[in-house]
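Structures incoming, each one as structure tokens.
Below, chain A partners chain B and then partners chain C, in two separate complexes.
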Partner chain A sequence: MSPTTHRQPLLEIEDLTVQFATADGPARAVDGLSLSIKPGEALALVGESGCGKTATALAIMDLLPAHATVSGTLRWDGAALDPRRQRGQGLAMIFQEPATALNPVLSVQTQVAEPLKVHRRLGRLAARQEVLRLLDLAGLPQPETLLGAFPHQLSGGQRQRVMIAMALACQPRLLLADEPTTALDASVRAGILDTLARLQRELGLAILLVSHDLGVVQRIADRVAVIYAGRIVELAPCQRLLEAPVHPYTRALLACLPDPFSDTPPAEPIPGQPPRATARPTGCAFHPRCPMAEPACLRLEPALEPMARAPHRLVACPLVHGEPA
Partner chain B sequence: MASPPRLQRLTRQPMAAVGLGLVVALTLLAAVAPWIAPYDPLQVQLGPANSAPGLEFLLGTDAVGRDCLSRLLYGGRVSLPIGLLAVAVAVSLGTAMGAAAGFLGGWADTLIGWLTDLFLALPRLVLLLAVLAVASRVQHGRFLLVALVLGATGWMPVARIVRAQVMSTRGRPWVQAARGLGLPPSRILVRHVLPWALPPVMVHASLLVGTTILAEAALSFLGLGVPQPTPTWGNMIAEGMHRLDSWWLTVFPGLAITAAVAGFNLLGDGLRDALSREEETAA
Partner chain C sequence: MTAALLLEVRGLYKRFPAQRGLLGGGRPAVDAVVDVDLTIPAGSTLALVGESGSGKSTAGLCVLRLVEPDAGSIKFEGRDLAAMGQAALRPLRPGFQAVFQDPWASLNPRLTVRDLVGEALEVHGLAQGSAVDDRVAAALKDVGLPGDAMTRRPSAFSGGERQRIAIARALALEPRLLVCDEPTSALDLSVQAQVLALLRQLQQERGLAYLFISHDLGVVRQLAQQVAVMDAGRIVELGETRSLFEAPCHATTRRLLKSTVAPRKRTRTV
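This part shows the complex of A and B:
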């Protein structure tokens, strides 16, 4: 790959909007979101429940239900993205609940081999070899013993690793991971995250990690996009964001994190509730909960712009724009 | 998922075991009829007409002196396969219709819903009479025609069951995951959605065999099913109804039909219990 194409983003999302038709009227889950992911990069989408993280991932995969309307532009490798062609090829996704994302009546071998047969047209023996390799790659030791197992015979961590093996069977360049460790025990969480980080490194896999847990994000993300009410409010390299959050929402979010090494109780929960997707506040969507809010915040929708003193950091809040980053 | 425990769960229920026993016994008797039937079922004037059951003719003879036992055994070779074939047609047609409606949704669902309602609204027997009366000149392959017509008028409940199951299954996470893996829709339908419609369809199919055997009997009774001299349980009753003093002409084919219908119904009930318990443990 030449250096010029290397700089080209793998996936570009421009002005993505996802709207669901609900009984209370249209609910806007994602509201003009723009984002780009470079090849081999791990980018995390962070936010509270219902802020549009998962809807963004599903929109990329074109897996949203029929009552959702999607607008905006998705570009893959510089050309328009056709999710139906890319999914199972360049794009793969793993889900929050490995217990239900695997078909309960098919064995591990059958499920992992399915994309191999469909996309790579491997024969039975070649597929079996490849299944073993993929299970091993996904961090399952002695994969031979698992081939005939059914999902209910596996532990939660094993199931998620089988899901990862299925995703890798597609030889993806971008893996979407929707809360991949939320349903798992804390003890297996770290192992799964290490595996994802290893795959990113070894295979040059780009990862879009969707999570509400900054502890999870910290382990693998290169960059973090903080999302609130369907919009990105802050985008920064992971360490910088955690050390010096700028946007009032990011600060509030980090203040909620318990610190395992200190005796002080975890700080303030963020006052109020995230806005309902059917009734978005005017101006900056965070203003009703923001400690810094000024009258202007009710009127002006802040744009996501590079900070004055740190152009690689983007923030959507004019009040903090000039702060040191 | 091994089959022995499933079979055990079925046979452990006494009524289901009786049903399975009846079905197996009737099927075996029909299968080996040529070897165990004492006489040729079509041979007239074997003995005196209308002789009561006795040692020479165990179930008696009919008005033209044919052996009733032989005819009853051979009748099973027509009535049972027609029932099974008709159900196979109904299940295939119903599954295809229901799967298309539930998986495609939209206009396909609306269209198939209409068609299902239309067929359900028509009284089945009237429809059967109309079709078979029009096709009355077809003498060869009458057997197939009856089975096809019975199947083509029995698919609607299957379509409804399959549609409902497909609609509830297609939103399951593993179906979404399969779509995310880029599997073609046909494969997703066949491997990840349809298997979940199978248990209720199997239950319904076994119940359907009973009603279909009855429908065939009714048609043959009305003279529109399989014509004489080929014996079926239905047309044997039809012949016997004019001579109710010769009770053996109607009672034995009637018992055979009762046994078959009861057998398949008990088997269906048992299947429902065995399969629903399986679903509970899987959930």
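This part shows the complex of A and C:
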């Protein structure tokens, strides 16, 4: 556990709901999600496609499209969050696909220097020096050779490092990373994750990692929040969650994980599919697929509460609430 | 292995020639596949693993003759596919089919599932008229899709369902070999598990053989009896899955295993 545990949260999310207007009616992507991130902490949002993890990150950045309705409270350092003021400065974000997130007709120097000129009002020479420092910080060796390069001349890993350099330009305190390595090769992936972990350590940067990949999560995250159907179903320190998942969904998900290092019997697939955002089941959203479901699960929406024997672990399932953790 | 060899690849070689770009760029010639030897017994799975650019997908496409190899033989059920013209190859094609990585790209969005799955049956003259409907329905049932899926288009399905449609399309022709190129890479973990379970079940029920191309060593460990590791177009290590994972010999294999980001689930001893 990090020494910052007892400090005031950097970002607090309370009862966040994101709803999209669709042809099939309102689709609730995020459904009353609450979460807090401490300074310097790496927290991972884990879940499968459509569970609302990216919508949560975009809501924090105020980058959702106009047809999205957002409600809930976001607090930054104890005060109401103004994403437009914090964006670039306190908050920065990197995306899954650096090839599309970068501007194809601007050189690396121009792109990385832009936030320095806009937010920090650096002159040309000072900006150049700072660009070199940021590229180096993002783990790009010999950065001066890259200044004139255009995105298409870079490898996928280099592009993501340029994105990271841009994100660091205004010394953010929280970096949102949405599937930052999903588009990359396995060998490149590990290097980018090591860089993110180093930045967290050296700069005291808090990271909110959005990922479907538990292997990626394990490399970085201090804590993990598992999302199902727009709600957090379990929140726990990373290693504890992987070793001893408690919520029935987390257990089933981990059982699906193919492990190259053991001859474990083939995983038991979770029956059925996640609910569509336009048609959430009543009660606990996981109940139609849950092996433990009881009649009460159809009626009661379980709250995310500390476990009886492990108050640092939260779980939204009364059936496992009292289990050893 | 005493079982009959379904596929026997010898000395497979593919070079992509140098290209000059419009704006003076371009790329040098690439030896994508070099001296690749592979054998797959009937009903068994060989995994081809390696990083992007190692040549594993090109090798798979050469076996399917969707990319023309420059040299080597590809014996399928005793006949050399590499030595045949496309016309002579066509009647053999139902025997070896493919499932690709991205079910958003591999299914024509304008066709109904009935046409997507049934088209190949008609092209190969394996069924006509209502017999096509029957065989499409049977193939959909085999992959766990409801019968009313026939009239819908790919957009009505989730990623896992689409990949089932792609598998049904291949199965409808009753192949003996499926070349699967990263068939679960685009899918969620729980959906991946469902598709892998389906592939295992189909192998048991029908004695299907798989050439399974993947970068995911966890998936490979679950599915393959044998693994071939590729690097820069060559097979650098080949062996029985368990021994290759537990005692990797080649540096590339070790690097792949090391860079595998797999959670260590330590089993709890209470």
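The definition used in the following text is that the second predicted complex is superposed on the first by the 316 of 325 C-alpha atoms of A that agree within 3 Å, B and C clash if a C-alpha of one lies under 4 Å from a C-alpha of the other, contacts with A are read in each partner's own complex, and residues count from 1 in each chain.
What we mean here is this: a contact is a pair of C-beta atoms (placed from the backbone, for glycine too) under 8 Å apart; a residue touches a chain by one contact, two chains touch by 3 or more.
Keep in mind that what you see is a predicted model, and the values were worked out from it rather than measured.
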Which partner does A:165 contact after superposing on A: first (chain B), second (chain C), both, neither? neither
Determine, under the contact definition given at the top, whether A:219 touches first (chain B), second (chain C), both, or neither. second
Thinking of the overlay built on chain A, is A:175 touched by chain B (first), by chain C (second), by both, or by neither? neither
Just checking: does A:103 make contact with chain B only, chain C only, both, or neither of them? Give me first, second, both or neither. first
Could you look at A:193 and tell me whether it touches chain B, chain C, both or neither (first, second, both, neither)? second
Starting from the residues of chain A touching chain B, keep only those that also touch chain C in the other complex, and list them. none
For the complex, give me every residue of chain B touching chain A. 1, 105, 171-174, 176-184, 187, 191-192, 195, 282
In the complex, chain A residues that touch chain C: 48-49, 185-187, 189-190, 193, 212-219, 242-244, 252-261, 263, 266-270, 273
The answer for chain A against chain B in the complex is residues 61, 63, 65-66, 84, 86-89, 92-93, 95, 97, 100-106, 114-115, 118-119, 150, 152, 163, 166-167, 169-170
Residue numbers on chain C that touch chain A, as the complex places them: 51-52, 158-160, 188-194, 196-197, 200, 215-222, 242, 245, 255-257, 259-266, 268
